[in-house]
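Order of writing sets the chain letters: A, B and C. Residues in each chain are counted from 1.
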Amino acid sequence: MLTYIVRRILYSIPVLFFSTFLSFIFVSYAGNPLAQLKQNPRFSPQTIENMTHQLHLDMPVIQRYFLWLQDVFTHKLGNSLYTGQALWPQITRTMGHTAQFIIISEVLALILGISIGIYSAIRQYSVFDYVFTSISFLGFAMPTFWLALLLQIAFTDIFLHYNIRIFYTSGLNSLPGGPAWSWDRMQHLALPIATLCIISFALYSRYMRASMLDVINSDYVRTARAKGVSEWRVIMRHVFRNALIPITTVAALNFGALLGGAIVTETIFSLDGIGFFFIQSLATLDLYAVMAYLLITAIAVVVFNLIADIAYGFLDPRIRYD
Amino acid sequence: MHRRVWFLAAAVVAVLGLTGSAAAVTAGKSSSTAQSLHAAPFATAMANIPRTPAARAAKKTMVFGLEQTVTGFNLGNADQNAFYAAIVAGTPVIRGTYIINTKGKYLLDMASKVKATKKSLTIKIKKNANWNWLGHKPKPVTAADYIYTWKIITDPTSNVASAVGYSNIARAKAHGKKSVTFFWKKGQAFADYRDLFGYVYPGFALKGQKFNDYWHNCVCGNDGHPISNGPFYMSSYTQGQGMVLKKNPKWYGKKARLNSIAFKIITDTNSEIQAMRGGEVDAITPSPESALSTLVHQKNLVYSAVPSFTQEHWDIEVGPGGAPLLKKLYVRAAIARGMNRPSLIKALYGGIAPGLKPLNNTFYEFGSPAGGKFAYFKKYDFNPKKAIAGLKSHGCTGGPSSPDKNNSKVWTCGGQKTEFHFDTTTRQSRVQSSQIFKQQLMAIGIKINVGIHDPADFFGTILPNANFDIGEYAWIGGPDPSGFDAIYQCYNAAKNLGGSNYKRYCNKKVDKLIKKGEANFNSRKRTAQYQTAAKITSNEIAVIPLYAPPQIFVYKRALQGASKSNNPTSEGPTWNLQSWHWGS
Amino acid sequence: MTEIKPEQGPMAPSDDSLFPTNQAVEGEIIAPEGSMVATVDDTHAAGLELKVRSQWSYARMRFFRHRLALIGLFGLVVIFSAGIFAGFIAPYTFEEIDLNNILQGPSHAHYFGTDALGRDEFTRVVWGIRTSMEVGVFVALVSTFVGLIIGAVAGYYGGWLDNLLMRFTDLVLTLPLLAVLLTATALLGQGSQWRVSLILVFFFWTGIARVVRGIFLSLREKEYVEAAKASGAGDARLMFRHILPNTLGPIVVNATLAVGTAILVEAALSFLGFGIKPPTPSLGVLVSEARANPEQWWLTVFPGLTIVAIVLCVNFVGDGLRDALDPTQRRMRA
C-alpha cells in the first residue's frame, strides 16, 4: 500500500508540472494585463514600460514560468501582479471561507443522501422511493446557477414583501469582518449551502441506493436472512457497511472537485471564497493569482483522488494494490 | 471489516475538525501582511458599529456600501487609481490644492492662493493645514510636501497613472514653509494646473517607503499608524470586506459631524439594492444597472442621478486599419444621422436616470460649456431621411428609399458596400446598445456586424493597433477639456502625441488649437480655443459622442448634508463627507 | 497494477431505474418437442416459426418497457424539434428590438414576455434551445469518438502507451476549463458556439476513454480474442470486430448523458461570461441577462426551466438505455 501511495505521488508531480505549465501559457496569452491602464487618455507610457519590466512581460514565456515557479517555493506563491500584495494570506483567507460552507454542505448532503438512499433501497418501488428518485433526477438536471438564482430571488421577495429576513442573499456577514461561527454567518451561508447540498444530495442518494441494491441482492445477505437474522441486523451489519464503500470514493472525488471553489455559487452570493477570487483574478488577468489558484486546486484534486483510491482499497478487502 | 469503517470515519472527523478550525481561524484573521504597514483588525472595529439604523444614528456613525473591492489607497498609483478607492481615501482623508464641486468648479481647498503664469505656478498653503499622524505631534502641511509629491510622481521608477503636467515642471523653490513656486520647462507651461496636486503626499512620514509599495492596506505613515490631512483618518481595513474611517479632530476645516463611517464591500448590485432597502447600509453609489429602478421611488430614500464626466462614444477609424468608406465624411454623417441617441438612452437608462441627454460637445461634457450654442454635434441629430438623402446625393445606390424597420438592402457607394465591423466590450449596456444601433442603422441601409470582446483584448490589442472599423467605449474625462487632448491630436508615436487617438483622426488646425490651449493661462481665450477645436471635431465627426453614463447616489432620507453630494467629478459623492449627519 | 477507479464523468450507477422491466429473455425458439438442437432449416421444414431475436432487439424491448425513458424520449423529440424548426415556430426574430415594449410579462402577444430591449423571450428561448442542442450533440458525439479511439488504443496495446495516455488523461483532468476558454476567447476572437464546443470536447473525452480502456484491458486477454489472433486477425480487425461491439453499450449511454452534461456546462460558462457571448442566444446567456432584472421573474424562470427539461429528458433516456444495453443486468426482486 505504501509503495502504491508513493508511486502515485511521484506520478502526480510531472502531471502537476505540465498542467501548471500549460495553464501558465494559456493565461499569459489570454491578453495583456496592462491593457486596462490605457483607459485613461492621459496614461503614462513610462509606467507602462516600468510595469512591463516588473511583470516580466518582456521576457519569453518559458522564462517567466520558471520565475513563477521560483516564487512559489521562495515566496509562498509570490505576490499578486495586480495589487503587489502577497498571495498566500489571500488564498488562506478565501480558502477558509470556501471550506467552511463546502464542508457543511457536504456533510449535510452525505447524511441526507445516505439515509434516504438506504431507505429508498429497503423500500424499493414504494412511493417514498419514487418521490426521492424523482428529486434526484431533478437535482442532476438543475443548473447550479439557476437554483442559486431562484433561491436568491425567492428569499429577496419574502424579505421585500413581508419584511422578515429569514436568510440573507449575499455576503458572508452583515457587517464585514464578522465572526466565522455565528448565527449571522449561518444565516448568510444557508442559501449557498442549500444550493450545493441539493445537487450533492442527488448524487449521494442515488449512489447509496444503487450500491445498497447491489449488496442486498448478493448471496451472503441471502444467507444471513436464511439463517434467521432480523432484517434490521441484516441491513445494519451487512448491507449498510458494504454499501458505504463506493460512497467514500464518490464523496472524496466530489469534495476534491468542489474545493476548486463552487465558483458559480460564490459569484451569485458574493461570498469571499476562492472561486470568487479566481474569477476576479481572471478578469484582471492577474497571472500569479490565477496560477496560485490553479496550483492549489490541482493539488487538491490530486490529493482527493488519491484519498478516494486509498479509502476504497482500505475498506474493500477484495482490492489489493501492489 | 467494520473496524476499518470506524477507523476511516474517525479519520474523516479528525480531518474535518482540523479543516473546520482552520477555516474559523483564517476567516477571522485580519489582513495584516508581512509588510510593516497595516491597520488594526477590522473585525474589532466593526463589532462596535450597531446593526440597526436608529442605533447607528445615536452613535453618530453610518455604513456606506462599496461596489468593488479596493486594491489600494495610493490614488496616484496606476494600479490603485480607482473610483471606489477615491471615495474612501480621496477627499475624506487626503486633500489637495483644489476641490471640485458638483458643478465642476474648482474651489481652493488646502491652498489660500494660487497664481499661475506662463513661467511658473505659485501655491500658498493655508496656515492651519496640517497632517495628523496618530502617535505623533501634528505637523503642518508644508512646501516640502508639495515638492516631495512632484518628485515622487516624476520619478521614473514610480508606477504613476499619469505624470502629465508634473513632467512639465523644471524646478521648484520653497518660500518658507507655506509657499512654493514651480517653474515650468521652457515652452511647456501647463494651463490645466488646477488638476495638479489634488492629492499631496506627506513625504516626512513616508521615509524609506517606495511609491509602488505604500498604502496598499491603509493610509498611514511608515510605522503603520494612520495619517490624514482631511476630516477623517482610516482606522481599519480588512481586505475583501471593508474599512472604517474615524473623525479626525485635528482637521483644519469644519469638523466632521459623524464620529465614524464604515464602508462595506458588496460586489453584487442586486445585493447592494437589497441592503439599501433593508437598512443594512445607509448610502450607496452603484454603477448604473436597470435593477436600480426599484430604488427611485422609495419613500425613505433619496435617489440622485447626474451625468458623470465619462464620454461614452463611437470611435470611427479613419486610418489605414479601417474600412475605406469610413474615410468619407458623408458616410460618417449618414451613420450619425441614423442613430437615435435619445431613444437608446431612454431604453438603457430611462428607469434609472430619467433626464439623461445625449452628449453634443466633443471636449466639454458638463454644464454650460457643453450645451446651448456649444452643442455642435446637434447638427447630426437623428434624421434618417436626411441620412438617406445624403447617401443618395453622393451617388450611393441599392439602399432603401426611405427609413424602413424591416429593411434588408445595403447601400453601395463607389463600388463598396456600407457594411462595417463594430467592436465593443462585454459590458451589458454596450451589448445592448450594439443591438439597438444595429437595428437603427439597418433601417437606413447601413449594416454593422457586431463583435464582443473581453476588455483586455479590446483595450490591449484591438484599439491600440487601430485595427477596427467602429468601436464603442468610454473615456474618463474631467471638467477641464485638456484631458481629452490625447484623443484628438495627430498620432505621433515618437513625440508621444495622440497616444489615445486610436481612430487616427488628424487635423492640423485642431492640433494647433489644442497646443495653444494647453499653454494658455487666459481662461476666456483658452475656452474659446477649445470650443473652436470642439466645433471642428464635431463637424468632421471625429467621434460620435453618445452620452455620459449617470453617476448614481442613493442615501437614507434621514441623512442630512448629503443633498449636494452627488459629485460627478473624480471627487465622488464623499467630497463633503464631513457635513453629513443624522437629522430627523 | 490494477487501479480500480469509479467511473468518471456522467454519474449514476446501474441498477438504478425506477421501474422493473421484465426478466430479459434470451431467445424464443419455438421448436418441436424432443429435438435437442433445432436448426433454422429444421423448423422451416416443420412449418413452424423461428423467432430468433438479436441482442439489439432485446435491448429495444427493454428500453420501451422503461416508462420514464419513453417520457424522456417524447420530451426530447418535442424540445429538439422546437429547436430545429426554430425559424418556423418563433413568432418574431430573436434580434427584433421593440423599445416600446420592454420588460413586459407573459401575454398573448409574447408567450414568455419580453426582455430589457423588448425582444420576445419565447423566440429567444427557442433559438437558445437550438444553440444548446447543437453544442450538446456536437460535444457528445465528437468527445465520444475521441475518447473511444484513445481508450481503445490505450487498453489494447497496454504497456508504455497505456501509461502515457493515462497520464495525459490525468493532465487534461487537472487543466482549468475557464482559463482555457478565456485564452481561446482572447486569441481567437469572440465566443462562437463552435469554439466553445471544441474546447468542451477537449475536456469531455476523458470519461469515455477510461471506460473503453477498462473494457479493452479486460477483454483482450479473453480466449476468443486469442483464438482470433491465432487465426491471423490483425490488430485493427481484433479491435473493431471483436472487442469494440462490447463497448457500444457504455458508449451509447455515456454519449447520451454527455449531451446533458455538455448543455449544463455550456450554460454555466455562458452565465459566467466565458462561454457563448451575446447576442447569440444560448440558454445560459439568457439567464445571465436576466440577473440585471430580478423583478421580472419570467426572464429567469423560462430559460432555466428549459435547461432543466432538456437535461431531465436526456437523463431519463440515458437511464433507459443503460438498462436496455447492459447485458449483465439482472432485474430480480430481493
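The rule is simple: a residue touches a chain if its C-beta (ideal position, glycine included) is under 8 Å from a C-beta of that chain, and two chains touch if they have at least 3 such contacts.
Predicted, not measured: the structure shown is a model, and the values here were computed from it.
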Innermost chain, taking as reference the mean of every protein Cα atom displayed = A
Once you count every C-beta pair in contact for both, which comes out on top, B-C or A-C?
-> A-C
Round to the nearest whole Å and give the separation of the Cα centres of subunit A and subunit B.
-> 37
Geometric centre distance via CA averages, subunit C-subunit B, whole Å | 48
Separation of subunit A from subunit C, taking each centre as the mean of its C-alpha atoms, in whole Å | 24
Among subunit B residues, those touching two or more other chains are 270, 454, 456-457
Which residues does subunit A have that touch at least 2 chains other than itself?
-> 30-31, 152, 156
Which residues does subunit C have that touch at least 2 chains other than itself?
-> 182, 185-186, 291, 294
Provide the residue numbers of subunit C that touch subunit B in the complex, in ascending order.
-> 95-97, 99, 102, 116-118, 182, 185-186, 189-191, 273, 277-279, 289, 291-295
Subunit A - residues contacting subunit B, complex = 30-47, 50-51, 54, 82-86, 89-90, 92-97, 99-100, 103, 107, 152, 156, 159-160, 165, 169-172, 174-181, 237, 241-242, 244, 248, 268-270, 272, 280, 285, 311, 314-315, 317
Where on subunit B is subunit C touching in the complex?
-> 269-270, 289-291, 294, 343, 346-347, 426, 428, 431-432, 434-436, 438-439, 450-454, 456-457
Interface residues, subunit C side, partner subunit A - complex = 1, 3-6, 11-16, 18, 20, 167, 170-171, 173-176, 178-180, 182-183, 185-187, 260, 264, 267-268, 271-272, 284, 287, 290-291, 294, 297, 300-301, 304, 307-312, 315-316, 330, 332-334
Would you mind writing out the residues of subunit B in touch with subunit A in their complex?
-> 1-2, 4-5, 8, 16, 19-20, 22-29, 31, 33-34, 41-43, 45-47, 49, 51, 63, 69, 71-72, 78-81, 156-164, 212-213, 216-217, 238-242, 262, 264-268, 270-271, 274-275, 277-278, 280, 454-461, 463-464, 473-477, 483-487, 496, 499-500
